[in-house]
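We call the chains A, B, C and D, going by the order they appear; numbering starts again at 1 in every chain.
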Amino acid sequence: MSTIKRLAVLTSGGDAPGMNACIRAIQLTASACNIEVIGFHHGFNGLLEQEYQSLHSHHVDNIIQRGGTILKSARCPALEQTDGPARAAEALQQLNIDALIVIGGDGSFRGTLAISKHYSGQLIGVPGTIDNDVDGTDNTIGFATALDTALDAIDKIRDTADAFERIFLVELMGRHSGYLSLAAGIAAGAEQIICPEFGTLSPANLKPIITPIQHAQLLKGKASYIMIVAENSYPGGTTALAEALTEAIGIECRACILGHIQRGGSPVGADRILATKLGAYAVEQLLQGANLMMAGEVNGEAVLYPLAKTGDRTKAIDPFLVRWQQQIGSL
Amino acid sequence: MSTIKRLAVLTSGGDAPGMNACIRAIQLTASACNIEVIGFHHGFNGLLEQEYQSLHSHHVDNIIQRGGTILKSARCPALEQTDGPARAAEALQQLNIDALIVIGGDGSFRGTLAISKHYSGQLIGVPGTIDNDVDGTDNTIGFATALDTALDAIDKIRDTADAFERIFLVELMGRHSGYLSLAAGIAAGAEQIICPEFGTLSPANLKPIITPIQHAQLLKGKASYIMIVAENSYPGGTTALAEALTEAIGIECRACILGHIQRGGSPVGADRILATKLGAYAVEQLLQGANLMMAGEVNGEAVLYPLAKTGDRTKAIDPFLVRWQQQIGSL
Amino acid sequence: MSTIKRLAVLTSGGDAPGMNACIRAIQLTASACNIEVIGFHHGFNGLLEQEYQSLHSHHVDNIIQRGGTILKSARCPALEQTDGPARAAEALQQLNIDALIVIGGDGSFRGTLAISKHYSGQLIGVPGTIDNDVDGTDNTIGFATALDTALDAIDKIRDTADAFERIFLVELMGRHSGYLSLAAGIAAGAEQIICPEFGTLSPANLKPIITPIQHAQLLKGKASYIMIVAENSYPGGTTALAEALTEAIGIECRACILGHIQRGGSPVGADRILATKLGAYAVEQLLQGANLMMAGEVNGEAVLYPLAKTGDRTKAIDPFLVRWQQQIGSL
Amino acid sequence: MSTIKRLAVLTSGGDAPGMNACIRAIQLTASACNIEVIGFHHGFNGLLEQEYQSLHSHHVDNIIQRGGTILKSARCPALEQTDGPARAAEALQQLNIDALIVIGGDGSFRGTLAISKHYSGQLIGVPGTIDNDVDGTDNTIGFATALDTALDAIDKIRDTADAFERIFLVELMGRHSGYLSLAAGIAAGAEQIICPEFGTLSPANLKPIITPIQHAQLLKGKASYIMIVAENSYPGGTTALAEALTEAIGIECRACILGHIQRGGSPVGADRILATKLGAYAVEQLLQGANLMMAGEVNGEAVLYPLAKTGDRTKAIDPFLVRWQQQIGSL
């Protein structure tokens, strides 16, 4: 058992729907254990600059349904400087922080690990990113919402694509991961999905993606054709890909870059529940002595996973769905 | 390996968002295996009365996002008559149906089992109900959408409750199960959740639910107080409970019965993906010889589960969340 | 021209989406004119009890999209007591309020008029209610959102009604007005609309509403039948009406009472724009000396209308749509 | 009075939410008058190629809530060829079409007028475009939905902009019109709106748009800053503008191009009602002999307006809101 009197929390990296729900669960759980809670602003920047606020229950009232993060998020280049981690640890000590919870992705967890070298308190991570590219948890906070936000947009594009009989390329976020693209593509009934996991796409060889388009146009007479394209799948981006395709097949292909709308919005139920569970679990595990771990959920159970392994990229996207999409869904 | 030339599908019982996505996956997967697909209308009624349609790919084009079911659903009292199952089996034989997929809840699966006594073909179930009360699968098709539909309504009620400083009792569906109520209650940040799993509620003893209300009003000065009430939790219904509470505490408590809006709407991503996976898996398993099984998903893997055990009610709602809500979420 | 140094605003009666957008416009417009703004809490109760807050620009930052009202709303029985209006006026004088803006319905405007007998400052109303039953403005703030909230629910009910081939009676708010019911009924393609403007409905004579149901069932074979019922249209309520119909026609008719979800939710664009325009216009007109007027919008133009006439109930619902629905839409 | 036995309808140009609701109203109204209705596919292309379908009531059942258009839409270069209009008129005569209703924008109406020179039947237009740039009607079918779709996206961008303290440029559709951008900008509480009506923007002089950004950053410390940019407002597009701004002010400005999601989606109530009213009115006016007119709505009344004047671009965007946004909303 660990004695924690003062707990800090921050949100780091790209914001994700559900971060507020997680802050709320942390505050409520810690308060119930008589732990004081403070929140740093702007991710690690607020830690370095000691910009923070006390978090009381009225601060987290009615935020479970809000997008964004009341603590603001940010990347923090300052933490990556040579003395950054030591300065961050110093700030934690000065403020008598016994434990810090970092809500973010694996990049934020690397920063957390760097701080640990200089800090005697406990550090724990909670996975919050729409990309779902963090090892040690089935889902990250924000993924389920981003999926539904993307779907809502793709359904609308389907309406107009169908009315106009057009080919659309819809670019989704995901950094180096195709999680969101595969899920959204399956769920939208997309005719084709292009993501890193399916192999590299080269301007010199567009045939593998052109053939199914021509096949669909010829054989099935489908009114619309939607391709989901994970960002970073093509040199020059999805707009360049659309232009290359248009030229290659002689039918206009339009690009639609969904962009940052995928980050916002009220979190869906699954994200609120996951955020609540992981936030509460993180506090409970800190009290049990957990350190340098991430609070994740695997097969429905809250579990700890070493922070150091969260960025190993060993989590595979559902092989059943990959196979089905390639063999049948894209017919 | 099994030889299937003609496959039938029907949707039975209360409709659930995602049933269309499942029909689509079944049609696409079967077609890719050169299996003919027909769909019975109105659940088992269409089977008994041989009311059906061929299902071609253009029938399932652009239905993945539609609520309801293109095959219509219904309860079927005729199937429960003594000669019902035999007549159903006879119809299947007459129509040369080698296998039947039933999308529905455990009640529909009981009907399916009854038919099996008279039928030489294969029978498989796919769990489709918003109640998530079917054993052998982590989630049923429709549950995730119903959760978000309920949440959307509760968030709106929170707006007005908060503006007016009111107490609301929101009744959710679930039959005998509190799955939807617990999930929605946690996700909405409800101050109290009443569901069968938490014990019986008696008009003679309302104290366990009154005490937290008074505690919240006194200590926390919360602007609004929302109680989620699973249907069938109180004799006379949630309106009667609201009246009893109003009288007991002297503050107006309003009931809001969400009702059938929980059944409709475009399915969310999670339901479309689950429906696609289970529909495809059901066809593949039929080809492997599966019979009298349900296609479910457990820990992310598609699995078979005996139809006969799907109604055992052994699936527990998340104990971590139950404990958290009772100890902390309701503070 | 009028000199206003200190302006107060309050939201009164049933809350409506867009009230926050209106508060924001009032604050921004007044601040730009160097007027101090305070907001009373809980409608007229906050005025009587001098419970208020200063309103600065950061208070209204990012509230344009929020449902409810940051000032809280309430009915105020105390204002209806003999000395209520005088006490309210006294509070305004004590706080040096030069002008008060009341956002609410015609009931709130009656209270405002009562105060005017004892108050030397300026009083102006802005119509905020989902019922759209205020004379002097084409639309009230909140109506457009309530319409879309109702529609969203009715579309979901259509999904399940259609899947199950059922008859649904959906009760909408509106007090004594059928505005919302007619608009939602037309927009949902409802087969029948029952509202006060179409005549009284008596348990003794249900024939006028039964005949079209039977006609539709017989001739058109429609899968679903949706009746929109304005609240207060039938003795005993819509549930009683559904039971009476079920008995009369021998087909199950289900009631669905939408209730308070119609009051909440993020305001739609039309409400945010109307709220912004009327809030800004109210401040500008106060500076021009307006008193005992309501700021409304007629034919796209912001106009003043005497507060005393806002409850005359002379605003008719669109006769073209009424005729079309009765002659054609209900076929 | 005119005798119409056979009526045709088509949707032309960019599709708009509500086109289906309009087709439905036309079918229902015409059927009630015993007029046969056919629908051409793909806009004027279907007319030229005599590709059409009969429209019966079951075709329009449950389409009032669907985005897109069941008749498909398209541009039609063939109509602009020398012999295009004559060929179109010939097809109408051959098919014994007594009257044609064209749902589209002013470009489609120009095509309609060209046909009239060779056609003895009646021609009427119904304004359907998200751009709201058609004279003779306060609103076009689709505008209200596109506004709410844009708002929904901008609200999400606000969430993430606010969490990350970023500057976003959100590009909306509108061709040469700022209607949608002004409305969405006001309704989103955008800090700045750039549209054609506000003057030309030149790369050489970005100062007018930079000054308010710097003012806001310096004085108000706003967490986020959102600029709505009407398409075609800047040479090279909104991405180029974002880059120019980033360089000029030294803070990252991100572009988000909403694109075709603005065209899809279930129509909101206002669009369904307008579409129903104008569709019904168009049929009624054809029966009264109307020809070469557009059915519009002005000040709540259905009115006829000469097709030839619909593209005059005399409709001004609300001067009150323009002034308010420039003087106050952008502070």
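Here is the rule we use: a residue touches a chain if its C-beta (ideal position, glycine included) is under 8 Å from a C-beta of that chain, and two chains touch if they have at least 3 such contacts.
Keep in mind it's a predicted model, so treat the numbers as computed, not measured.
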Legend entry - For chain C, the least number of touch steps when starting out from chain A: 2
Legend entry - Distance from the mean Cα position of chain D to that of chain C, given in whole angstrom: 29
Legend entry - Interchain centroid distance [CA atoms averaged], chain B/chain D, Å: 40
Inset, instruction - Would you kindly tell me how far, in whole Å, the mean C-alpha position of chain D lies from that of chain A? - result: 35
Inset, instruction - Name the residues of chain A that each touch 2 or more other chains. - result: 155, 158, 162
Legend entry - Touch relationships between chains, expressed as pairs: A-B, A-D, B-C, C-D
Legend entry - Complex interface listing, chain A residues touching chain D: 11, 14-15, 17, 19, 42, 66-69, 72-74, 149, 153, 155-165, 168, 223, 254, 256-257, 259-265
Inset, instruction - Note which residues of chain D are touching chain C in the complex, please. - result: 24-25, 28-29, 32, 57, 61-62, 64-65, 138, 144, 147-148, 151, 155, 158, 162, 183-184, 186-189, 220, 222, 266, 268-270, 272-273, 276-277, 280-281, 299-300, 302, 318, 320-321, 324, 327-329, 331
